[in-house]
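Labels A, B, C and D are assigned to the chains in the order they are written; within every chain, residues are numbered from 1.
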Amino acid sequence: MQLDKSDLQEALRILSAEAGVFVPSVVEGVSRFALWDGESSIDLSRVNTELPPKDILFPQTEKMYSYKMGKNIEIKEIIDNPKQVVFGIRPCDVKSIGCMDKVFLEKTYVDSFYAGKRENLTVISVGCTQTDRTCFCDSMGLSPSDAPGADVMMNDTGDTFVVEAYTDKGKQVMEAWKPLLKKGGKKPAAPECTLKVKMSPEISVKLSKMFEHPIWEEVSRPCIGCATCTYVCPTCYCFDMNSDNHSSEGTKFRCWDSCMFSDYSRMAGGHNPRPGKKERVRNRYMHKLSYFNERYETSLCAGCGRCADKCPAHMDITAFIDRVAEEEMENA
Amino acid sequence: MNDTLEIKREAQLRETARRLLEDGTVGYIIGWGTTRFEDKTAPLFAAKPEEADRLVWNEYCINSLAKYSLDDKYPEKKIGICVRGCDSRAVNRLVNDKQIERENLFLIGMPCSGKENSVCEGCSHKNPVVYDILIGEPVEENTEEKASAERFREIEEFEKMSPDERYEFWAKQYDKCIRCYACRNICPACSCKECYADQYMVGWQGKQNNRAESQVYGLTRAYHVGDRCIECGECERVCPMGLPIMRQTKKMLKDINDLFGNYECGVESERAPVLGEYDLTDRDEFM
Amino acid sequence: MHSINHECTCSSNPLIPHVCQVTAIKQETPDVQTYRIQTLDGQKPFSPMPGQLAMISLPDVGEAMFSITAQGEDYIESAIKNAGQLTQAFHEMTPGQQIGVRGPYGNHFPVDDLKGKDLLFIGGGIGLAPVRSLIRYCFANREDFGHIDILYGARSPEDLVFKEDLSLNWPKEKDTTLHVTVDRGNETWEGNVGFVPAYLEELAFSPVGRKVILCGPPIMIKFASQSLMKMGFAKEDVITTLEMRMKCGIGKCGRCNIGSKYVCLDGPVFTLAELDELPDEN
Amino acid sequence: MSVEKNWEPKIIAFTCNWCTYTGADLAGLNRMKYPENVHLVRVPCSSRVNPQFILRAFQKGCDGVMVCGCHPGDCHYATGNYFTRRRFMLMKRLLEYNGIDPQRFQARWISGSEAAKFRDTMTQVTAQIRELGPNSKFQEKWYQEGGPENE
């Protein structure tokens, strides 16, 4: 099916009657997914937003429960799962949601906060027509123009979007858009990432044997230990739990945390199993490229390139992957 | 920027670096190296003479390097660091703050005519203020008029706004802050072994990300480094959300200059920070 | 790694604690207290397997993971050392205090693998707490197990935890030998003086038909493991528990990973052979 | 923000143990009255006051904050209040630069014998803050939404 670009506003308006619609836009100079007010401009000119869409499902600060102390403790769960639609999300970010689904919905426990939001979220992906210089999703096994995890997949053909529903949620969207949709439309060819990275399943296995390798000392040296890479990463999901206390009552919240911070793994008493940047950078890269593969059978890096773009020290995960690939050839 | 001169400087840098590594003057040299992208360089740690040729010198050598010396406080041999004007002031900052020993460093002075960075516009020290060896000839400094006109121009503009406008401006900025602490970690004046902001259990700072907490973080940091800021602009460069962080610290510096006389940090090798000393003749405006 | 016990009486949201109360407090040593925990209507909060963990919290102070040291018909118990802000607050509690509890978390000791074997328990300091649940389990099912040796060490006689068990209850059990040692004795101490690994080598246990359960501070685990290897124990036969910083307890928040394993979910109980497979990071 | 009916300004004054706090004590002995809106926090020296206390006070719901110490030259620790003077001259300007009204943060020198000055200062500052109305700048949302009366 096809949707005329001139009908896009109307299409979103239809959705926003039922749900909060998030669109890529520029807020105070920062490109991010923001709640669409029916008029603000929708910025599809960028390949990727600066901030990832993960906070729609996993807010940077999320209230979990409120409590009242005293002779009796009262605990009240805070549930906030509005119906939401995210529009214009790129295939790499859709894959990232898939990664978070695995973390929060699988392996013994289901995370209720995430599950509630996820269930009420409809994902409308718009494929890329071009790629950025830091994009490498096709090296990570994705396609810039197709997001298998999306509910609705849209591709830009110039004047129209080719629209396809992948799930039941997607079909409902198509149903709502019925008056606007036209038959036909051919999906355009996918653009190719200019940046090619030598990623392969073997790299993950190779890495799992490189824990003691001198490479970590070297690649971690420029790291300044900030959380930029983890906070702009669409898949980084680590969190901390803390309370916001006002004398005898307050709320318990969880918030993004970063494995790059010194207090992340420090235990009561001061012992820290990952005391320096070597250990922390190793943990992050290993988590992205090896540990996660071992546990969930997919990589935790979607190839969006945000970390490479934003790192203050200009560290680059793609250069690291290629280094590891070379390491392999040397040892072979 | 005189290209041939800078290309020559790069060659001289590599030659000097190789010599220093060969004769064992330094254990390794911290400089800039290439990345995948032409317009980005990354910190490079060259330990072997043959690695000297990987050092680059161009308009994209943008990262401040001095703070990496904190990773190696007790080096076996001297650490060679390439220092531009701002980096050399960062070294003075760290030495003044008793974070590193000057004897442990070998400073390779790199006269710098400005990088792809807006902060370089009003630079007052293009040539390193301290070095052990200078690569090539010094470059021409900005005139004092230009540097001082540029220095607090933005602050003066901003002060003209009404208090509510100013508050709104900053509130919107801090709404953007994601508290990645890149500004803190890159800053040569932020050298606390453990930052107050990481001590969540103590209660200085909540970990939740909201306007109030980010405001407290932003102002605390501004105040804490304000009298020691060397105006290198790294905080602003690294901020992934584009907050004009320098506008806070420069306000502090402007007031210090107004109240206590001319003051530029990191220019002299030994100078206590303004808030670390006092003068009996300080203005007494509190009654 | 062993199966996980899913029984949970909390709300369906695993991150929300269940309000329980502390019904009895026992001072074990100057800085260790044991808390008896029951639901508000006097029931057992949940039935953990030996070695499982509970997240215990005072919502306004914090939340942390503790091992469950014992359980009865209608209660669970946890012995907690005063080591930080939260545990300090626990130590200021009086009976009747309400607390938040969620769990049980983690895997447990492989009780089926231990059946029919002689057992050697090695504990150091507060490290006796996690193994105590298993020791009690073994005594409750005494016929299933062979000879039981318990080797326990602490810094000083005052620091010995569960003194009643050590001096009265456990020596009375059939086929059980206790070996207690302290780093520094005092005027009244008549037992052994010396570190656990040294005493372990002195006692020269045979590895034949014997499984070891080892728990204590990391440095003790390190040297005791070396001693056990010297004595000929196989790594598969030495079981230990790990400690990492934890927040969520359910394998989501990320920080307690060792390689691709989460200590809160896949641990805390590992054999030395399993640990060999993991990166050396703890 | 509209001024609530029963709003009363909340003011924290960090007072040096040796001068201002003693001055407050003397005011009490002399049965002098000062507004109960002022909450005193006793500190060993005015230079003990970390500028972050000021930020945190505004964040946690104060409408005004004061730092009070010995007159310059009279510091019990000889030089403490010289540091205070520098520190808060800068802090005051930084706060104003960020949009805080100058009257909301004030520093004063009040000696142990100046009970009347203590009373007059507190009365005057309270009146100023009352005039300004409630502060919401830098404040946590919880307080902006009513604070303890939330429930």
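Keep this in mind: contacts are C-beta pairs under 8 Å (C-beta built on N, C-alpha and C of every residue); 3 or more make two chains touch, one makes a residue touch a chain.
This is a predicted model, so every value here is computed, not measured.
Student: So which chains count as neighbours of both chain A and chain D?
Tutor: Neighbours common to chain A and chain D are B.
Student: Please name the chain that ends up farthest from chain B once chain centres are defined by their CA atoms averaged.
Tutor: Relative to chain B, the chain whose C-alpha centre sits farthest away is C.
Student: Report the inter-centroid distance (CA atoms only) between chain A and chain B in whole Å.
Tutor: 32
Student: Between chain B and chain D, what's the gap in Å when you average each chain's C-alpha atoms?
Tutor: 35
Student: When the C-alpha atoms of chain C and chain D are each averaged to a single point, how far apart are the two points in Å?
Tutor: Using C-alpha averages as centres, the distance is 51 Å.
Student: Centre to centre, by mean C-alpha position, how many angstrom separate chain A and chain C?
Tutor: Distance between chain centres, rounded to whole Å: 38 Å.
Student: Taking each residue of chain D in turn, which ones touch at least two of the other chains?
Tutor: Chain D, residues with two or more chain partners: not present.
Student: Can you list the residues of chain A that touch 2 or more other chains?
Tutor: 240, 244, 249, 257
Student: Touching at least two other chains at once: which residues of chain C meet that condition?
Tutor: 62, 84
Student: Spell out the residues on chain A that touch chain B in their complex, using ranges where they run on.
Tutor: Those in contact with chain B are residues 27-30, 50-51, 60-61, 133, 195, 218, 221-222, 224-228, 230-232, 240, 242, 244, 253, 255-258, 261-263, 277, 310, 312-316, 318-319.
Student: Using the touch definition from the top, list the residues of chain B that touch chain D in their complex.
Tutor: So the residues of chain B in touch with chain D come to 158-159, 163-168, 170, 196, 204, 210-213, 215-216, 219-220, 222-223, 226-227, 248, 251-252, 255-256, 259-260, 274-275, 278-280, 282-287.
Student: Write out the stretch or stretches of chain C touching chain A in their complex.
Tutor: Residue positions touching the partner: 4, 6, 11-17, 19, 58-64, 83-84, 86-87, 96, 98-100, 218, 243-245, 247-248, 250-260, 265, 279-282.
Student: Enumerate the contact residues on chain A facing chain C in the complex.
Tutor: 64-65, 67, 69, 71-75, 77, 103-104, 107-113, 208, 211-212, 237-241, 243, 245, 248-250, 252, 254, 257, 259, 264-269, 271, 273-274, 279, 283, 286-287, 290-292, 294-295
Student: Write out the stretch or stretches of chain D touching chain B in their complex.
Tutor: 51-52, 55-56, 59, 72, 79, 82-83, 85-91, 93-101, 106-109, 137-141
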